[in-house]
Amino acid sequence: MNRTRVALIGAGFIADIHAESYHRFVPDAEIVCVCARREEHAQAFARKHGIQRWFTDIDQAIASECDVVDICIPNYLHARTTIAAAIAGKHVIIEKPLCLTLEEADEMIAACESRNRKLMYAEELCFAPKYERVRQLVGEGAIGSIYHMRQCEKHSGPHSDWFYDLNLSGGGALMDMGCHGLAWFRWMLGGKPRAVSVYAHMQTGLIHKGRTRCDETSLCVVEFEGGAIGVAENSWAKLGGMEDRVEVYGTGGVIYADLFQGNSALTYSEKGYGYAMEKAGSTQGWTFTMFEEAFNQGYPHELKHFIACVRDDTQPIVTGEDGRAVLELMNAAYQSARTGQKVTLPFHPKVSKPIDLWLS
Amino acid sequence: MNRTRVALIGAGFIADIHAESYHRFVPDAEIVCVCARREEHAQAFARKHGIQRWFTDIDQAIASECDVVDICIPNYLHARTTIAAAIAGKHVIIEKPLCLTLEEADEMIAACESRNRKLMYAEELCFAPKYERVRQLVGEGAIGSIYHMRQCEKHSGPHSDWFYDLNLSGGGALMDMGCHGLAWFRWMLGGKPRAVSVYAHMQTGLIHKGRTRCDETSLCVVEFEGGAIGVAENSWAKLGGMEDRVEVYGTGGVIYADLFQGNSALTYSEKGYGYAMEKAGSTQGWTFTMFEEAFNQGYPHELKHFIACVRDDTQPIVTGEDGRAVLELMNAAYQSARTGQKVTLPFHPKVSKPIDLWLS
Amino acid sequence: MNRTRVALIGAGFIADIHAESYHRFVPDAEIVCVCARREEHAQAFARKHGIQRWFTDIDQAIASECDVVDICIPNYLHARTTIAAAIAGKHVIIEKPLCLTLEEADEMIAACESRNRKLMYAEELCFAPKYERVRQLVGEGAIGSIYHMRQCEKHSGPHSDWFYDLNLSGGGALMDMGCHGLAWFRWMLGGKPRAVSVYAHMQTGLIHKGRTRCDETSLCVVEFEGGAIGVAENSWAKLGGMEDRVEVYGTGGVIYADLFQGNSALTYSEKGYGYAMEKAGSTQGWTFTMFEEAFNQGYPHELKHFIACVRDDTQPIVTGEDGRAVLELMNAAYQSARTGQKVTLPFHPKVSKPIDLWLS
Amino acid sequence: MNRTRVALIGAGFIADIHAESYHRFVPDAEIVCVCARREEHAQAFARKHGIQRWFTDIDQAIASECDVVDICIPNYLHARTTIAAAIAGKHVIIEKPLCLTLEEADEMIAACESRNRKLMYAEELCFAPKYERVRQLVGEGAIGSIYHMRQCEKHSGPHSDWFYDLNLSGGGALMDMGCHGLAWFRWMLGGKPRAVSVYAHMQTGLIHKGRTRCDETSLCVVEFEGGAIGVAENSWAKLGGMEDRVEVYGTGGVIYADLFQGNSALTYSEKGYGYAMEKAGSTQGWTFTMFEEAFNQGYPHELKHFIACVRDDTQPIVTGEDGRAVLELMNAAYQSARTGQKVTLPFHPKVSKPIDLWLS
């Protein structure tokens, strides 16, 4: 059977992780082209990853001979690219967040559904192997009923400029990182759990003053039907490298898991060395040295799953609907951060981007 | 110079820790009597700790030849005992929480002030040596300006029955444990920082169903003038032993500190053994074995400080006013937990106990 | 290009890990048959892993249409099976230890070399991703020159009975686990480093009294040319689950890495659950929960490497010569454990199995 | 009852720790004088610690009105100072190692014994509270019978020059740090256990090339009657701060304890700060921040114990005999490091200092 052909849209940080993951861990897929706005960027990426074709025009990339469009570009382009891909008859896997508005989300879902194309929302925390192990333990009844979850994702801010421009990103740390925790809480509770309310607090002006009006931190408390809560803490102002960890409290026990420091080697280097972990800063002195970062975050498992869904015509475990549910929670969070009140769900504001609900 | 004479009111879990701490670490103090409601209890405690006199009547104990009254009894007795001690001319150190109402707090403070008696609010986290080291680091500028603190204190529920009776305790996990985090946030920020608002979420019916109507968990988000926030997570439903840890995020770094697991030895015992740590449950298999628990929590430092204040006639670093401020925050938290809204401070409700604001 | 066909000899614990690793991570390979002494065992294994053919006779399995023979059977069968495979024109990958005597080792190497067949010594620690990260750091100069390494591999004893029978295994904890550390020290120092001497101490009669005369623990100190030493600690008497960790000290720093506890989630379960990690024992109370154990130990990387060597006609990074060098070190260790003296290398005793040097 | 008067001989790093420990934790003792060779040093120390008198002549300090002589000076002065103190009728507590030769040891012991003076060998690891907790667990039977202990003490080299001069110190990392592990193994096994043999390996020329001919690392394997072994690893070449940790393996379990990193707060500081832990080096980036270092290492408990022994006329738990036994083990270790053979005990070489046995 032939390999599934993937057009990779984007050539930045996350596209690089996808390319490595396909190459090393998804033998049934083949990246047939890459697309980046700047020619030299596209070319360099193609050369680095041994990809035969490269484009600077998204529509051309979509129109190329591919089965799947894998979207790794700024948030404001998510909806139009997904819809274009669906119209062109391609399956879509899209990086978080799904898009900027619930209206866009509905259109994206409809565009894929009506053409019978898969739309996978690429939430890698639903695949990160350590966290999946945690979910299995919970499923086995190891800790009774979950009543409290905490998920932290924190670092010192994204690599690319567009994240800091709220018109391109739609929001800051919450849109960039909070989406992970919110999706993961739903995944842990299983069976499309109904979120009842969201409370949020946000901060800005911490270490990126002048560069952004976006939220540099966000704290969300999501309450689910049945009473379990999820607390998502996110930050673009946390120095010392990436933090991604969870705590799951149940009536019969508790689980702690840490994807970065909790997997790493511990190094003391007088002179420093090349790379410790995502956004680690200096490598002199003590550092927590990561390995197999993509694997430990679940990217290979995620992409392998999607390629299998395409080949076997099955439904991904995280879909556009899940991405939409997360977007709704983020809208509610920005609203709550402004009002100081819990926002009850469903919540369908009319805004052009989530962060407007906080800043207005 | 003679030793300062302490009347210890109470003979339970916390009184035991105080007695051990005085005995081993506060040579300038001497426990001259202990008071417990039940005679055999008082007698056994006195014998165990080599205390010469014991009482079953609080007023008699207060009236005994002592300089200091150290109050380690249920919350609902705090105000009356403090006031009686002040009237009797004794200095008072009182276990958390200060009392049940702001009115009581004001009376307690006034009673001591007018008679020129010390009133120390015994918040041991302001003395726990690891946390004090954290505070010094912050004071040195090691992590820039604090913008986020988290403090967790969690276990599987108190030893004594009265905690679970909201008429005696005035509230659950928040009153019992949340007070620590709230006091500690203020201490970390220094200089009597002004709290602007409190948001809280609480849960009950988790593992103590039928035994209590109190909050078994509480999550408080306190916002301070200047924008820093403190997140206090507390639980009576966390199995596996005591958890007490902090995270302090600043614009120039971050500090993590863990008082129990983070200090312990790691043991695997096929057969089990006597005692691992506070509320640890079974000691078979893997356990985190604590040592010098009282010291690591700061009790000796706290009591030594108070005795020095009494002897040198100086002001304790944590006073009745601080206890009152914490009580105000807890009132606001219970109110918020009911309304789903941030409560702005100052907040002066008229209630007979804090938890009424949540349950009503 | 067709997939490389693998005959899997053995259907025990380690064969299971190989089968999972090929299946999930080595798309260029296909297990075409499995061989186990007992028919029902072979059949069950084949069914579980979707393998088309099964045998109970090793020679038949070798003679089947396969390119590679992957040997996962007791130590005393290693030499004859390897040689038979080579004669049949098959490439060989063989689990540790290489064999029981240096004479066997020489014959195995010659048998493969003369027929131009690959012989890979399957030392997974040379592939374990965290340890490989450590090796890269050292290569980058992060910690200066290595002067001391420590590698521990400890658990409560193997699953299968044959390990405990010194005639089948040739030795105990050293033969079973010590081989890992000894191979890894050589790999870390690179370039076929010359070992100068070995000192060893061993213990028996600890927790497997009556079941074995083998060494239940071994401690080896290997000295390399240039002065660096490696300390390998191994045990069949360590309760609480698998331990595999390293320490690497250099003149410019130090690295600590732990493959099991150091990657795991931390779980407290009142009721217990199915599986925590290799040989973990009870799962009630606190446990260190592992995930992706095969991956974290490097099995997929190891097997993928060998299949690539076969397909590209390149030399494996760990060969029969390396296995022989480790065997020589183990011989020297058993000798040293008896005499209480450092044994200098080269060391070519005439024995029918390494442990004889200790017990005689 | 009056306080016990202590003459503190020495004003260096360790004397500072003793002074702090007495002051904060041993109310029954009072440092009445300090002695240092250089006047300004003695004076500054006295001022810093509020000590009334200071001397530059040891004999004058000994002759002063004191009950106890606490010896914190270079190794080569240990014997003569102890004997002088005993002759002057003073009780002696002496820092490790006891002295340079077994003959000196015998004289010191005799000098104190004949005058009925206490001679305590100040091995703080017998008092370090975490390690004492470990010993209690073993005493309770938590891990069955001990068969293997490991103790590591490592840092980047001592503060003072005299350590590096083998004529003043008598040896390097082994004499400075190895003595701790060797004493602790004996303490853990209890009841004056008989050591059967010692094997050792040492290294030099690592990071203090040109500064010293002493052993920069030592690895000792001590075998005790009954078969348990102790492995002491010591280093002056380990960067990144002090390491002091133990592993205790028993037939029924295992215990791991770490005095420094395992108690510390974890800090990331962009700018750095004043002090992290003993010999930590830079405080920029990640550091392990210690607190109450003297307490956690057991100095207060040790000194309090000795003062109590003096006051109550009881025998210290670690005496000159224990210090002598450790010295014998160190002699055997140096001998073994030269010969590459286990040295059996008793071992009574005639040398002027232990390291001669290695270097000759």
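Letters A, B, C and D name the chains as they come in the text, with residue numbers starting at 1 for each one.
Rule of thumb we're sticking to: a contact is a pair of C-beta atoms (placed from the backbone, for glycine too) under 8 Å apart; a residue touches a chain by one contact, two chains touch by 3 or more.
Model, not experiment: these values are computed from the prediction.
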item	value
Result of counting contacting C-beta pairs for B-D and C-D, higher pair	B-D
Equivalent-chain rotation between chain C and chain B, CA atoms, steps of 5 degrees	180
Whole-Å gap between the CA centroids of chain B and chain C	54
Gap in Å, rounded to a whole number, between the CA centres of chain D and chain B	38
Multi-chain contact sites of chain A, meaning residues that touch two or more partners	239-240, 252-254, 268, 270
For the chain D and chain C complex, residues of the former touching the latter	147-148, 150, 197, 199, 201, 203, 205-207, 217, 219, 221, 223, 227, 229, 231, 233, 235, 237-240, 249, 251-254, 340-342
Residues on chain D engaged by chain B in the complex (per definition of touch)	25, 27-28, 129-130, 132-134, 137, 140-144, 252-257, 262-263, 265-274, 283, 289-292, 295
Residue ranges of chain A touching chain D (in the complex, touch as defined)	239-240, 268, 270, 281-282, 284-288
